[in-house]
Every structure is written in structure tokens, then in C-alpha cells.
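Shared chain: subunit A. Partners: subunit B in the first complex, subunit C in the second.
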Partner chain A sequence: MSNTSAVINIKSLTKAYKKEQVLKSLDWQVNQGDIVGLLGKNGAGKSTLIKSVLNISDIDSGNITIFDEEHQHLSAQTKGRISYVPQENDEILWLSVSDLIKFRKQFYYQWSDEKVAELISRWDIDTAKTLAELSPGQVQRVLIILALAPLPELIIFDEPAAALDPYARREFLKEIVSLASTENITIVFSTHIVSDLERVANKVAILEQGKICYFDDLDTTKENVVQLIICHTDDAEIDVPNLLRSKKNHQGLNCVVSQLDENWLEKIQKQGVAVTVNPMGLEDIFLELTA
Partner chain B sequence: MDQFTISPSSGVPIYKQLFSQIERMVLNGYFSVGDHLPSVRQVATSLEVNPMTVSKAYGLLEERGYLTRLRGKGMVVAQRDEAFCEQEKFKMLNKMIEELLMQAQQMGVNEKEIIDLVTASASKNGVNSIKSKE
Partner chain C sequence: MMTKILLHGWVQRSFIILFTLIAIGVRVTMQDDSRLGLLYSLIALISFFISLTVASRLPQFTHSSMAKLFPNYQQKLKRSIIIVWMISLLPSLLVLPDVEIWLGLISVLVLLAIIFVAMIYKPIYQIFFWFITFSPLGLDYFAPDIVGRSVMIVCAWLLPIVLFFANFCLNKLVQYRGNTKHVSRLIAMLNVSMEKTLAVQENVPLHERTRVSQWWSNTQFHYYRQLLNKNSGLELQKKQLSNRQLIAICCQGVNSFGFNAYVLWASVIGVLCLLGLYIDESYHHYFTALMIVIPIGIIGTGTIAVFQIIQNKKEYLARIATTPRFSTPNSFTKSFIYYVILNQARLYAFISILVGAMALVFHHISLNTYINLFLVLVLFCLVNLSIMFLAWAAKHDHSNKIVWLMIIGLILLPIFAMLLKKNENIELAFSMAFIFACPSIIGLFSYSINRYSKYKLNS
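Moving on to the complex of A and B:
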């Protein structure tokens, strides 16, 4: 046991597919108790990053530890503390759900039959059917149940909500909320559905051009990244600190800053410049930060 | 448990939305001194938000003196000085007025016109305090 609270620690991770460099010397650290939403455009490499961390894909270079163990040589105990829900179903299709659950249970030190029973009844899953007979949404739910049954301390979801309808997505989020309040659990989930993330994540990470280009508290992000509408009558140029972009229109200057400088704001407001500060939703923030 | 509402996709962080909602509910008497607030877990589950978000809002309300943590019993509305409450009410209204004035300035409406508008609106809606005390 070490005294650091880092659950996942990545240093200089590099990975290429053929000639295309997907991850470029990526550094990232996820701490215990974090519920991280990993955002990125399609093809940014979110799945590649997740599969690299879990040693499903080989990496070209770099260093990854999970629970302070080198990711290629995790002990069986540590593996038991980690769950993963892949984007695409990789379970055995011809087994019935009940047999699949029995089969998977054998591999774990810890397994909650209560949790399985509770979720199966709540999510109304016919355990006599095989995965091939279930709808994609139902399959995803089964995968989520299999991931939660071993009472993991780290769960990694790759686009967990992709196959779920809005109702099932809410149910899934509810489950995450309940996990987050009962256990000291760490969750990483990749998504491009920003609204899912806004409810449950406390941190947001953005993967862009092979690196984690942004990682901060969700609340801090919303407090920092704001839109400013600056109305000024004369044509004097106004120097806006931490400017991400700006556009002139008939009203004045419409800009987005990565961090609002309160001192600057007070100063120019004293000079008689009218500034409106508008908060921005995460979706807009994401678009601004990756523009 | 549906006493609070949030809009997750707003640019205002959820903990802040909860904070101002509960602050208002204490100041306008929806919650009285000694009332129990629902537990962090109850609020988190019903709103489907991260429990840390709820804790953060409660913590801030405790810090500002609106709530007190009773050991084993959760959060209750704190006993507070009347004068302080009045002050907080005015602070909150002042913020809204500042916002209003800023918008008015941008629309080119002057101070006198604003005051007339407020007076007219108050008498129309019967918000005038002297009238309501009669």
C-alpha cells in the first residue's frame, strides 16, 4: 500500500496505429473517489486510451500504474478491484444470462449475488435468454451488471450510455449516483453525451490531439469558462485576459475566456464599459476548448 | 423529495443552483429554524446528481450560517439573528437589481423610467408592503 491516492497514473503514454500517432506522450492521473467524464471528439482516441490503461492494447512507450501496480503485471487481487464495460459486447453470445453470470462469478474473489438479483429485477432482464437474443440496450445492461457484481473499486466505462434509451440512461446514472454515495469508488467514463456527464461527474477530462488537454473540476470549469459581452462605444481595442476567442458584432465584442479575471473586470467596469458575464453549459465549453 | 429542482446543462454549477435555492427557501420562510433537510443521499438520488455536489452545497450553507450540522441527525436550519437575515435578503435583492439596471442601461432605459416601472408593477401586483399590512 502506498500513501498516494492516485488510482490511475499515466506517464508519457505513446501509442500509434500503423503510421497514425493516436496518443502522444500523454500524462494523466485519476485519484481515488473521482468520477471522471472523459470527453473527446469521435476518433480522438478515448477507447485507445482506455484499452491501453487496461492492457487490452499494447502500448508503444510510457508508464501506467493502477493501484500502484504496473499495468502489465497486475496481481490477481488488484484485477479483482477493477471492472470494465466495453463499448462493444465481447461476452459469450450463446450462454444464457444466468449461465454467463455463474461463469463470470468464478473468476472473482468477491461477488455480490444480492446486487445481481436486485439489478436484474429492477432492469427487468430475462436471464433465460442468451445475449444474442437480447436487444443491444439489454445487453449493455447485462454488461453493467457483470461489472458491478464484483463490488469493484475502479470502474471504467467506454461509452456506457451509447446503446441505452433515455429512460435506461437515467437508470444507469441513478446506479452511478448510488455507487458514488455508498462506496469510495473511482469511476472513469468516456462519453460524447455531455449531459450525462454534467449530472454525475465531478471532474472532466478532454482528450485532444493525443493528450489530455484539459482536466479540472466540473464546477471550477463552469465557473472559469464564461462568455463575455462587452459593449463599448468607442473603437478602442480592449485587451481581454485569458481570451479563447472573440467576435465583433453590432453590440460590441462577444468573447469566451478560459478564466475570468475579476480585477480586470472591475477595472474596465469602472471605466464605464458595460460587460455582461454569461455562464456556459458544458457542451459549449467543450466546443470552445477543442475548437 | 421534489422540493429542489436543478438544470444540469446550465452554465451555473449544480452546487450553486442548490445553494441559492435553499438560501432563498430559508430566507422566505419555506424552511423554518430547526427544520430538517433531506440527507445528502436522498437529494443526490432524487436529483440524480453526484452526492459530492450536494455535500458541497450543504457545506457552503453551513459556512454561511444557514444550516447547522447536528451529530447523527443531519442538517437543520440554523437559529439566526433577525438583523442578519434582513441584511442577507437585501443583499440578494440588490444583486437582482444590479442585474436589472445593467440590462436597462444596455437598452438605454434611464433610472427614472426604471423606478416608475417598478412602482407601477408593484401597485399592479399588490406587492406594496404598506397595503398588505392593512
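Moving on to the complex of A and C:
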């Protein structure tokens, strides 16, 4: 990965709440055009990481750059290239959608009224209503419109689909895919719903114990992380490379590896040990990586 | 366990203990009856604090879904309330050895506690608050010869009936399940801590509120909607609204003390002043209670609401601060500080004008006392602003403590005002206390502004 295409670059990020260390010397880099799904258990620190990147909450130590500028001293131009959709709708509830759009427009130097009009018409949003009067799915769409109107190059979603029902969630994810393909926007979205990530992301990052413990292409991840069932009768220890977890049962040794070493597999099979390789779903992979 | 939960909250308990110690101090050092009024006020204040603490927890017990499942739940709750009631009556022992006054005071305190709890459960009973406020006026008007002591003696004789009534109310209270909608909102507002009281109210969508509330809020928001729409046609580069105006829009809530509130209170005081001009001067003193309660009420709403709304919107404001509009260093911080100071200065200037108008009509305070009061208001405003900025700059959420501090300040303010009225010859501006307090408070204010600016710079 070259540094020039890095949209977000985080080095040694540390953040604690009271005495609890949430982010521990975290390093991470998101490149242009990536659609990154940030996975993590509840309370893993996904929102903290996102808010730290956006300078919404302060950090204890470390260095964050967005579009090669330090996140605490972003220029107006760079700020205009970033949009954020929060986990919970905290927009002003007493303003109608049309007034809210006018209000948010005041904060940007670049704003596309055409895009706003197009999306409002496409998603059939009643702009005379306040956000409190719209359904959660419609609210989410309004928030996306507000995020897209300044024509950003990076959008960060914090658990965007958590409040939506399965239908609205699927629709929302479709929109993300469409955005990413037509607008070439870098998207980072946090979630703990693995199926959402599988539908949208091309990269997966897993936040565990204050660090990005895994970050790779989604397809590569699915290819690499596999389950091995090693059937052998003797008690001799088998050294499995890239082992994540192993458990002995009546079938033999049940292992999960982060990357299958083909040479090792060939070698062990030649020794007469039967090894079954089972591909895994992303949810199982996530559970294995965060176990 | 129930008793512990009913009296939960170390901040509240600290204040109760503090005021009890002050009351004991007043009682021990009291040589004659001159400070009896102060002692009664302190005892009533302690009782009020206990009632406030208990009332904020009580709905959790009475409307608990588990109430019907637990054995002897009602009896246990009743026993706990009686224990707390007894505790709240302990400070009344300070009026002994005057047994008649003591028994009378118990009657009054028990009745006040009943009214307070009733007000919590059914807002309609808030009418009793006004009844109590105006009771000295009514008593003076209908029975001007009656003195306080004879009232207390009557109350002492009424104690058995009051206790019987209290027992009846208590039995009803522990069984009470009514007014669920109001109580559930109340639980949401009060069960965690005072920091969330407004946040819960603010999150109730406008269209789900009563028509009066919708109308009231809309008149307040209308100005800002107009402001947005007036400028929306302009070019994007010509920045239409100022940074302060944008922050003001962010910080508006249904509980904001806005233009309509200014008009309402100005009208109320206007009517009072007209009444004051019309009626005989000998009745003017009946309005003294109102002249204290209204400014305090306005300060309370205007400061606590601003603090809580902003505290509630801290993250939204932080998000707004990351937009291109605020890319110049410190531009958000400067505009925010400007907005808050202007908002509060306007409020205190309004209070000063109201008090001045009332003083002109009712002559209840001299010009010197008015100047003294004005100086106290300025310092009070600076102290309030300081604690607000310090709280917003803090890494952790101290809202609960701050709101309590503000309430204590609001209670102390009229006490201080009454002391100033009593000693109207004092020229506060030249007194040592003021000369010492002034730089300290200005120093505290500057420190809080500095701290907030640094906090925003780092965040």
C-alpha cells in the first residue's frame, strides 16, 4: 500500500475513557476507493475510533492524518471532502427537512443543490416534515443526503443500519453500493452485523482489544481463513502454521488458520494424515478472530 | 434497601448535611428570636431537599412493573417512606424547647411533603405551589391580626388530623398506579440523575407534544426558521448567517428561554406593575413574594436550560465544529463563547430591568439596594457562566453536580437579596467583601474561558 493513496492514516492512536483503555497504540490505513467494513463487538471502540479520526472527541496520543493533513488542523478544503453519518440521529428535530438542508448548507463552501434535489426525488422524501415525523429508514436517507451534498470524497458511517429493520437495512446497503460504484467515494462504516458488511465492503477491518487486529480484502479473508479438520490417531503434536484456534474432538483436531499454508498441507498429507479444508462464512471468521 | 435508594445521591445528601450543620450552627449561636425566621427557612429548606430527593426516586417504586410480584411490596415501601419522613422531620427538633412551635412545624412540613409528592404525580396540584406562595397575602388580607405564632399553634393542634391525613395519603400513594404516561416521562427524566432532565424532554418530538407546547415552541423556533429561509436564496460564497447565529440555531430547544419567554415575563411584570399603580400602597407588600419568585424562576430557567441543552448537544456541536465553516483556528470556540455570554448577559439585563421596574412601582427596595442587587446579579452571572464553561470543558460529565450547584445558587440568591434589603445602607461596591470577591470571580471567569478555549483547541 503506498502512502500517497492513503485517505486515513493512523499511527499509535491511544484513547482511554476514565481508567479504561479503549484504543491501544492503534495503527491503520484506509486507501482511496476502499469500502471498509469496520467490525467489532459491542463496546470494542468502533465509535470511539471514528470520532477520534474525525476530531469529534480528543485523543490521548498518536497521530492521525486525513488526506495527508493532521486531523486536528484540517483545512477548510479538506474538511469539505469529509462527511460523517452518526450512529444516532442527533440533528435538529424542530427543523423541517428543507430547513435542515438550508441550515447544513451554511457550513460548507461546496454544496450540490442538484444532488440534494435528485436524491430527495429518488427517495421520495417529504421535505416539509421534520426528522421526527419520518420513518427511521427515511431519516437515514436524509442523513445520507446531508452527507453527500457537500460532494465528499470520504464518508464515514457509524453503525448506519443498526436502527433499521431488515428491509430498510437491505435498501440502505444497496444505496451504499450504488454510491461507491457511481461516485468513487471512500467509505468506512462500522457495524457488528457481519451480513451487512459481506454485502457491501471490499475490505474488512476487525477492531479487537483496542487494535485493528485484522485488515484485509474481504475475498482474500474468505479464501484465507479456513477451518481444518485433521484426523490422526496418534498423540503426537502437529504444528499448524498460522493457527488461530484448535480443539481436539472425536474426529481429531479441529483448527482454524488465518492463512492456509499449501506447502505444509501437502507435506502433512504425504505423511498420511487426512486433512479436510472447510471454507468459513464471514461471521464464523469474525468469531474466530475475536475469540 | 428502599430507604437507601430513596435517599440516593451523594451530592444531594452533602447539601442536606451542609444545611443541617448550618441550621445547628444558627440554633446554637442564637441569643434571641431575631434569627428564628432564618432557622425556620433552613429547616424548611432541608425538608424540601429531602422531599426533592425522595420524590425523584418514588415513581420508580410506585410504578414498578415488579410491584405486584414482590411479596409485601406496598408495606415495605410504606415503611421506607415513613423512615425517610421521620428523617426529614429531625431538623425540626432544633426549634425545641418550644413544643407548640415544634408540633406546628411538624404539621406544616408533613403537609408540604404531601403537596410536593402530589405535585410530582399530578401536575394539576402545582396550583398548591401558588396557593402557598400567596397564602401570606391572603392571610394578611382576610385576617390581618393573626400572627405567625398563633398560626403555628393552630397547626400544632391540627397535628393529629394532619397525621391521619398523611397516613391516608401514604396508603393511597403505595397503591397508586395512575397517570402512567406522565409518571413514565417523570421516571425517564429523574430516575438517572438531574443531568438528564431536559435531555429527555428535548427528545420528545414536537408533533407528539400538547398543542400549547407545540405553539409555544413554534413561536420560539419561528424566528430561526425565518432567519434560515430569508437567506437561503443567496450565493453560497456570501455566507448568510453569522457563526453565532448558526450556533444559536444548534442550541435551541423546546426549553430554551427565547423571545416568547421574554415577552411573556415582561407582560406578567407589566400587569403586576399596573396593578401596583392602581391599588393602594399599603397592599404593595403582598407582592413581595412574587417579586422574588419571578426573577429567580427566570434565572433558573434561563441558565439551567442553556446549560443542559448545550451539554446534551455537546457531540452535535463538536461535529458542527469539524465542518469547513469553522476551519479558521478558534473560530468555533470564539463564536460559541460569544453566543453563551450574549445569551446570559441578555437574560440578566432583562432581570435587572424587571427588578428596576418593580422597584419603581412598589418601592420595595431603595436605589442603593437596587445597585447592590445589580452588582450581585453581575457576579452571580459570572459565577454561573464560569461553572458552565468549566463543566463543558471537563473530560467527564459533571452535569448532575453542576445542576445541583446552580439550584443551590438560586436558593442562596434570594436569601442574599433579602439580607441586602435588610441592610439597605450598605454600599456593596465599596465593601471589603465585594472588593475581595470581584477580582476572584473575574479571575475564575477568565480561567473558565481559557480552559474552555484550550479544551476545544485540543479536541
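Note that in this section the second predicted complex is superposed on the first by the 275 of 291 C-alpha atoms of A that agree within 3 Å, B and C clash if a C-alpha of one lies under 4 Å from a C-alpha of the other, contacts with A are read in each partner's own complex, and residues count from 1 in each chain.
Note that a contact is a pair of C-beta atoms (placed from the backbone, for glycine too) under 8 Å apart; a residue touches a chain by one contact, two chains touch by 3 or more.
Please read these numbers as outputs of a predicted model, since none were measured by experiment.
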>> Quick one: is A:Ile230 in contact with subunit B, with subunit C, with both, or with neither? Answer first, second, both or neither.
In response: neither
> Touch check for A:Arg199: first (subunit B), second (subunit C), both, or neither?
Replying inline: first
> Can A:Val273 be said to touch subunit B (first), subunit C (second), both, or neither?
Replying inline: neither
>> On the A-aligned overlay, A:Tyr109 touches which partner chain: subunit B = first, subunit C = second, or both, or neither?
In response: second
>> Taking the superposition on A as described, I'd like to know which of subunit B and subunit C A:Ala147 touches: first, second, both or neither.
In response: neither
> With the two structures laid over each other on chain A, which partner does A:Ser178 touch: subunit B (first), subunit C (second), both, or neither?
Replying inline: first
> First (subunit B), second (subunit C), both or neither: which does A:Thr130 touch?
Replying inline: second
>> Taking the superposition on A as described, I'd like to know which of subunit B and subunit C A:Asp99 touches: first, second, both or neither.
In response: second
> So, A:Asn55: does it touch subunit B (first), subunit C (second), both, or neither?
Replying inline: second
> What residues on subunit C touch subunit A, complex-wise?
Replying inline: 202-203, 205-208, 217, 221, 225, 228-229, 232, 236-237, 239-241, 246, 249-250, 252, 254, 313, 315-316, 318-320, 322-329, 396, 458-459
>> For the complex, give me every residue of subunit A touching subunit C.
In response: 18, 54-58, 72-77, 79-80, 82, 84, 86, 90-95, 99, 102-103, 105-111, 130, 132-133, 150
>> List the residues on subunit A that touch subunit B in their complex, please.
In response: 35, 170, 173-174, 177-178, 180-181, 194-195, 198-202, 218-219, 222-223, 226, 231, 274, 276, 278-285
> Once bound in the complex, which stretches of subunit B touch subunit A?
Replying inline: 8-16, 40-41, 44-45, 47-53, 56, 102, 105-106
